[in-house]
């Protein structure tokens, strides 16, 4: 098993770009591990910092407990040693999240990404979430990254909770997919004294996030345009803001299309066009309609990423 | 194993009141099957039509796949033969929902209650949900009840989808917890030609739901004030609307308190006061604060259900 | 000038059905007072309790201060003496609301309907709204009816505020257009000791509102199907709930169409079909598209209110 | 009367920082023109590009039609000739907006800021809003700036509508107060060929907005910390992003406090502390509670803008 940075003694450096990889299925809706490996092989040429396995785009809520572990194992074996493997281990209960976290670490994950529980969102106040994340971070053999994705959970991890949790020695960062840039800046501001990093949860506001102090991104679009998202990262890091801006502009519409607008079905469709294995989602996620596929193609074309049919 | 009404040949009659029973845990957060049985024994004196196991109040999202089946088995063994056991079998994916449904039927459930998948709610349009429920209903050995609970899922099963699905021979009804009475009336109106029934998902609008044609309720409050909720049912059925109204009034605040306001922690606290086993929730659901407990008690007291301390 | 019930000594009886009348405009978008009078003449055969002038359907936010008064004057002159004229006098500021209220009373209004101010909704908490309504009710020469219409204002007058305000001697009721039947029942329950009445703000939940103790309705649909809405009222009052239910069912879709779905443009289009002067709205409200008009017609037809083209 | 840039021949350059000035009232809630002038005199030392009169912070919805014009006249007379006066002229109807716009131009406004009508938000689709703004821009003697402020209106001017309207020769820009940075970047991207500029509607995301191509801001906080907001502008323009970031950080909490959190009452309270005339708001806006005032003070103190009491 690959060595792992301890989550306790020194905080893991999570800076960089990660694709939240999708899970390929075969025609029976079973996980296709070969296709998964082939995708990872292609990604190996892109200067990603690592891979997020079972972020929202991994259809993790559609995988069984066993599949979740198997997929992480598979990724862990396939990728180069210098790549970080961050595994989504969030479940609704604290107990299941801890259990999954432990198994993810055994399976080779260097860190875990823990989404806010949300089914009882009316009661998921700061008290509940701080308790949840503290229990998980206490128990986790690997560093924990908080994950706020209100588009899916209907819940935003509050600034106060994030700031409190940032002080935990085993909590190293936050993936924020909400895109409220004021909030992102405030969290960074108020955690500056901690060893705590914020990753933009989308390519749509990656430049803006860098401009206020974020240090990376977990971007669905990086599954399709990985090189370009990493270019944007480099332009931001090196202070070439004008060039960054022009590149950022061209990524927004494709990004929105494969996230908020058409979701994972759109992302997988675009992956197919760009030489990766996208394929179908598990039901009830439906494939794109013909009209949607046309619109998606047009969005990639008009921004210069695809040639006309 | 107890006999089961076939879901195919004739539609199951689901009319009546059901408590969506809670899951008692011991001090280690493990399911306490003895306490569960004791609660069911006490409920046997209340004229319930049956029991909903693993509605939202059963903390089903906090149970493992195995625990979900075990709890249904346990309930199935404990309750009288004339009581319906309706088991929540909803999962995010169609495949897991079908699998769970089959196991719930084997475990003794007479019908299943299938919550709308919601994590990818931006894509859970009518097409996706009709596909999902059709697949599940096709495969299910027992009748299927649709379940819309926007307070937890952030998603309302659309009228059009409900009306289409009502035509499926193995879909017998809808539990609507949203409480939009106009919508409830419209669904009933548009499914009058089908053998399809609507159950109010809360005691807060039970009378109003009856007034527009609902035929029962799955009411969290029935875990605490079961006799009274069944009285309200009888008053509605027998057309004693004035008396019904006066009883309805006194149930609203306690109901809101143990649902929207304080959630399952509030419900379990009230159960403890009324001689049932409530106890703690699984983490991250926190127990009531002292102030909340006081407020809850005051709400039951001011409506005449508890004496002053 | 017509005599007025004092708002101070005895509370005005507001029970019954009211159309929130629309404002007819000529081709220059100017108020057409002749058409307004003709509509009122036709309405004189319907057993309405009175008329709401400048509810949301009156396009009051599109009228100048002067026009608002003139329209009330005109209505006041046109209608029979036994009909109540309730004038919408709500403005954003307390001072303007008071001023408009006084002028509405002079113009012949028997009561005023005061919408919650909402532009600064983040600060329109109970403190602000109780202060606002108290100032207005103190100053008003006629009784005040609270008006909560979250569909337009994005703000629901809280139960606590409504209950507190119900104790004011010059506040006689609430028009609730939100349609949350649990909330409506709770407000009625908690104001039973006051001389305070709740009117349903829509024909969509009129029966349900009666079932929990409402005493009337201000229903957009009554501009089109006034007789039928009054029939529904009578069926509810006389306890003929089954017949009421069947009539209620047939009103829901037309009601939704002329309110939430197509708004005032839909309402005015339907009025044209039923022999009233509907006509165009002021800009920026657009007329229905051809497709929408067709859908609207089909909704009235399928519910048995219009014959096929 | 001061000369005005024609809105037709060449587009007005609106780049820079503007305070959306507040309206001082005396103890009778009447506009205090002397205090208004004194505020403007103090602001004359700050390198603002100009002043927004009757943005949301000007309590414009609480002013009569006459007061709205008088305040603009007063400001127009008080400020230096090189300062732009941008007057909020938005009303709910197109006809009233046009009328107000004409009078604002006569009163000395160099441009008008036109908020999206919102009361009938269910029908304020792209068709309606494009029609509205086109009519207003056609009629306006001065350039028009679009104004989207979903926090108050519950409505976001859609990207498609903004992009279409940007082509109008008399529409020069957009004030976006929603703060969705992805959306802001996309609008800028899609209007690059137009002479169209975007202003950030808040100091909370000013740096981020500059990073994606915005050219200025209309910032409530500039009423209090005008010099600092202009410093932030300069740091962004000159590419000193690190320094900009540090300054931006310290502005977020005070900004949130005087906008979303405590509103105009908070803004006016802070103005009092910083030597301006803040004072009370018109009712129903309430003054801060003592606790709120303390919290507000603490926020300014902890960010280094006020010394401890």
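By written order: A, B, C and D. Residues from 1 in each chain.
Here, a contact is a pair of C-beta atoms (placed from the backbone, for glycine too) under 8 Å apart; a residue touches a chain by one contact, two chains touch by 3 or more.
Keep in mind that this is a model prediction, so the values were computed, not measured.
**Q** Can you name the chain that lies farthest from chain D, using the mean of each chain's Cα atoms as its centre?
**A** Taking each chain's C-alpha mean as its centre, the farthest from chain D is B.
**Q** At what distance in angstrom does the C-alpha mean of chain D lie from that of chain A?
**A** 36
**Q** Just give me the whole-number Å value for how far the CA centre of chain B lies from that of chain D.
**A** Roughly 50 Å separates the two chain centres.
**Q** What parts of chain A, by residue number, touch at least two of the other chains?
**A** Correct list: empty.
**Q** So that we know how the chains sit together, what is the shape of their touch graph: line, ring, star, complete or other?
**A** Graph shape here is a ring: one loop, exactly two partners per chain.
**Q** Can you tell me which positions in chain C touch chain D when the two form their complex?
**A** Touching chain D from chain C are residues 29, 56, 61-62, 64-65, 92-96, 117, 119-124, 127-129, 131-132, 135, 151-154, 260, 262-265, 282-286.
**Q** Which of the residues in chain C come into contact with chain B in the complex?
**A** By the definition above, chain C touches chain B via 179-182, 185-186, 188-189, 202, 204-205, 207-208, 211-213, 239, 241, 245, 248-250, 252-253, 255-256.
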